[in-house]
Amino acid sequence: MNAAELKAAITAAMTAVAGHADELRDLDAALGDGDLGITVSSGSKAVVEAIGKLGDEVTPADIAKACAKAFANANPSTMAALVAGALLAGSKTWADSADVDQASAADFMQAAADSIGKRGKSEVGDKTILDALVPAVSALRDAPDAAAGLSAAIAAAERGVRETRELQSKRGRASWLQERSVGLQDPGATAFLRFLQSWPAP
Amino acid sequence: MNAAELKAAITAAMTAVAGHADELRDLDAALGDGDLGITVSSGSKAVVEAIGKLGDEVTPADIAKACAKAFANANPSTMAALVAGALLAGSKTWADSADVDQASAADFMQAAADSIGKRGKSEVGDKTILDALVPAVSALRDAPDAAAGLSAAIAAAERGVRETRELQSKRGRASWLQERSVGLQDPGATAFLRFLQSWPAP
Amino acid sequence: MKKIINDPDRFVDEFIEGILLAHPDKLKAPGDDNRILVRADAPVAGRVGIVTGGGSGHLPLFKGYVGTGLCSGVAIGNVFSSPSSEQVFEATKAVNGGAGVLYLYGNYGGDVLNFDLAADMAELEDIETKTVLGTDDVASQPKERKSDRRGVAGIFFAYKCAGAAAERGDSLDEVAAIAQAAVDNTGTMGIGLSPTILPAAGKPTFELPDGEMEIGIGIHGEPGIHRGALESADEIADRLTGPIFEDLGLASGDRVAVLVNGLGATPLEELYVLYRRVAQIAADAGVTIEKNYVGEYATSLEMAGASISVLKLDDERLALLNAPADSPFFREV
Amino acid sequence: MKKIINDPDRFVDEFIEGILLAHPDKLKAPGDDNRILVRADAPVAGRVGIVTGGGSGHLPLFKGYVGTGLCSGVAIGNVFSSPSSEQVFEATKAVNGGAGVLYLYGNYGGDVLNFDLAADMAELEDIETKTVLGTDDVASQPKERKSDRRGVAGIFFAYKCAGAAAERGDSLDEVAAIAQAAVDNTGTMGIGLSPTILPAAGKPTFELPDGEMEIGIGIHGEPGIHRGALESADEIADRLTGPIFEDLGLASGDRVAVLVNGLGATPLEELYVLYRRVAQIAADAGVTIEKNYVGEYATSLEMAGASISVLKLDDERLALLNAPADSPFFREV
């Protein structure tokens, strides 16, 4: 996938993911403050706009950086800041390369997950986006090809999202609910799943 | 009617008039602030209590003064202050006499009306209690006996209350409604009518 | 009902207790009846006393404006109803420093009758009193009947000016004249977006469907001059400010003080959105806002809404506004 | 919706414009972006700067506490959401007087991440920063996890203490230590009686049926530790104060400052009914209230409710509370 294809894929995925804003708002309202809907819808709009403004000469890493900046400033919530940092960290793994493939996508996601864990002081099991993201990275890497990788990543993220229901939130707003967070599904993990599901099949 | 009979009559009338508190509140809510219900119910309770505490040796004038004080402090609204001043003015016309009859009752009410007009800077036609009270005084005075006097006073007050509907309020809270006060019945005049109707037939 | 109260019938006495517990250095009850509060150093010998009063439910009005450079004492009624004449008289005696006492309060029938009675009692004890009524609500009567208008948030300006004058030692006649001039040069209009619920009654004082506004509303929910669908903040500011500017005859070159007052539930943020527009209107009219006040100065329990008050200034009134004042609820340094 | 606003998306920018129009002598926007406000005399050479920030909708929090003896600057987010790291960084540069900058704000994920990023940017420009988080909400985490608690109205005490320390010339380390000690010795609990409506969303942030209360609610409507039928003011004060006193380990002989804060729609009268009971509780426990604050210090738009904050005092903290401070919204003289 070259830079032009990457732009098209991101544009398609971000446009589609905005359609889940209401679901994400409701999940976040139950566990937090309900602004995840706004983060995703205004963030998606900002990303699509930023990509539209990029010239033809950009690398995939440049695209990821532009997405990071747009997403960070649209609605500077926890998710926005974590995702922006994650995209910047991921973009570093791509350096100047002109193409993205299954392996480099997995590297990107791994760096993204590491960044979130570091900045958020969080790990798998804390009932956050990491519970969907981390298993998705391995699933993508271990798959025979890109198409199978996307399906496997979605399946892994789906499982991760489901499992967040049983967990008690350890990080962010939801952690203030203490025991009462058990039984509710993590909105950030769900957002990541919806994003993966919105990604055009390779 | 001697002092003991007067006490009994006031107690009966004030107890009965409290039953109209809701009607008076609603009328006052439309033209003013709706507190006339409280003035009448808490005032009635205070008057009945004050009368209960009076000894046997009191004159009718003493009774009227005690009522004035109780009514003034129960809920010190416009109506409470006007009525209290009116009762004090009325009580002066009775001096030390031990009995009340049709003529002295009319004198009392005349002095009461004068006091309200003076303190309230108001006159008949301003859409106030005076529109019921003033015609009632003449009706009482001109009647052949006390029983007929009460009926005539009630009829006159009823007419006066009805006529307030067509008037524009010139005094008090209701005057701020300006033209929009036309069509609504004056609560203070109505309160006086309900009081007369509650007075035990002689 | 969304109220943090105990027994509704004890509501007024309990919040007064709270005020006395919180501010013993600034306020005191001079006798047994907590419904009468005076500044801690009252009576101040040789100074005119200023007594205000009225119904409860309007904090910081009225008791909030008892302090140095403000009123000297207050008689406090039940929610939205007058104090008794005896209470006003008690307050009068407690603040009397020998230079006379000004009665300065809003023009409501019950209050007027009870303060007038108190003035009669004071006369019997050789305390000279004068009365100035707050009559700033432009919506309540046409200009020809200014003295019949009701008093609302704009009375704050009269308190501030008269209080400063009394503090510097003006005579009763002078203090009364300054108060009256402040009232004469003040206009207010309010907007209500929701009714209040009286603690004792437990039901709304009037009906106002969600999404509607009442322009010209009084601080007890008295009807105004226009009811209709809720408009934008700028349109509301225009509707409120226009009639005030006209009433005061403001013209280019005039100087004013502006008070944007919240009625209770309306957030401070929204008051600043209103102020933004008022500042634009004043600038367009060539009128200079020398001083502004944005916040809750006269409320109606939890009513949603706001009012705008304008005081036309001259040098003296501006100096009086800038003079020091100190109460638990208002301070100018 | 009962709001006095224009375009919901312009709400924040418009009320900031109003604030700037009303208080040009006290606040300024140092650059083109009005979302960054600093005190009019910033930067003050040789003094530690204090930058705060967070979502809008909490006035006077956060921008109300920018002034002398308080914070030096603020970065303002949309309603209930964080400012961006760039905005925090701009504020940092504008208040940097060469003695370092303290970041003092409430513990919310979005704010933490954005302030942390700003600190990285500041480091690149050789501006030293330190961070202290408001973590006073006792209901949000057990005592062992104090540093994970959310920050609510009690941050006022940290502003006041740290601001006074910065004003007198303390070093960054000293100011940070004072702020941290204030946070460590502050506990808050709130009660909500109604939700808020975000201007942009137009619908309530959470559901709370009329007649119910949420004890331990956060200032964005975060759920607390108990929901049930509305109780009396005294019962509510007991429920809020008990856990705070326990958390701070208050014992007979201790001295405290108390803040009874309104969340927006709750009348000042009701706050004094609460204060009355808090004063009784303190007296019964042998705890002396040296200073009290009753009013709106940290709101949630038009949410009905209140919170109680307690700061355990020592001589230094009391002196810092009493030190002069001056902002458009708060003054100590």
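Letters are used for the chains, namely A, B, C and D, taken in the order the chains are written, and counting of residues starts over at 1 for each.
Note that in this section a residue touches a chain if its C-beta (ideal position, glycine included) is under 8 Å from a C-beta of that chain, and two chains touch if they have at least 3 such contacts.
As the structure is a computational prediction, the values presented were derived from the model and not from experiment.
*Asks:* Please identify each chain that touches subunit A as well as subunit D.
*Replies:* Chains in contact with subunit A as well as subunit D: not a single one.
*Asks:* For subunit A and subunit B, let me know how many angstrom lie between their CA-based centres, rounded off.
*Replies:* Measuring from centre to centre gives 77 Å for this pair.
*Asks:* Just curious, how far off is subunit D from subunit B if you go by their C-alpha centres, in Å?
*Replies:* The computed centroid separation for subunit B versus subunit D comes out at 56 Å.
*Asks:* Please work out the Cα centroid separation of subunit C and subunit D, and write it as a whole number of Å.
*Replies:* Chain centres of subunit C and subunit D, defined by C-alpha means, are spaced 29 Å apart.
*Asks:* Determine the centre-to-centre distance between subunit B and subunit C, using the mean Cα coordinates as centres, and give it in whole Å.
*Replies:* Chain centres of subunit B and subunit C, defined by C-alpha means, are spaced 32 Å apart.
*Asks:* Residues of subunit D touching 2+ other chains?
*Replies:* In subunit D, no residue touches at least two other chains, as defined above.
*Asks:* Residue numbers in subunit A touching 2 or more other chains?
*Replies:* Within subunit A, no residue contacts more than one other chain.
*Asks:* Looking at which chains touch which, would you call it a line, ring, star, complete or other?
*Replies:* line
*Asks:* Of all possible chain pairs, which ones touch?
*Replies:* Contact pairs between chains: A-D, B-C, C-D.
*Asks:* Along subunit C, where are the residues that touch subunit D in the complex?
*Replies:* 1-6, 11-12, 14-19, 21-22, 56-57, 59-60, 191, 193-194, 210-211, 230, 232-234, 236, 264-276, 279, 292, 294, 296, 299, 301-302, 304-306, 331, 333
*Asks:* Can you list the residues on subunit A that touch subunit D in the complex?
*Replies:* 29, 32-35, 38, 72-73, 75-82, 85, 119-120, 171-173, 175-178, 180
*Asks:* Residues of subunit D touching subunit A in their complex?
*Replies:* That would be residues 77-78, 80-86, 108-110, 113-114, 116-117, 137, 139-142, 148-150, 200-201, 205-206, 218, 220-223 of subunit D.
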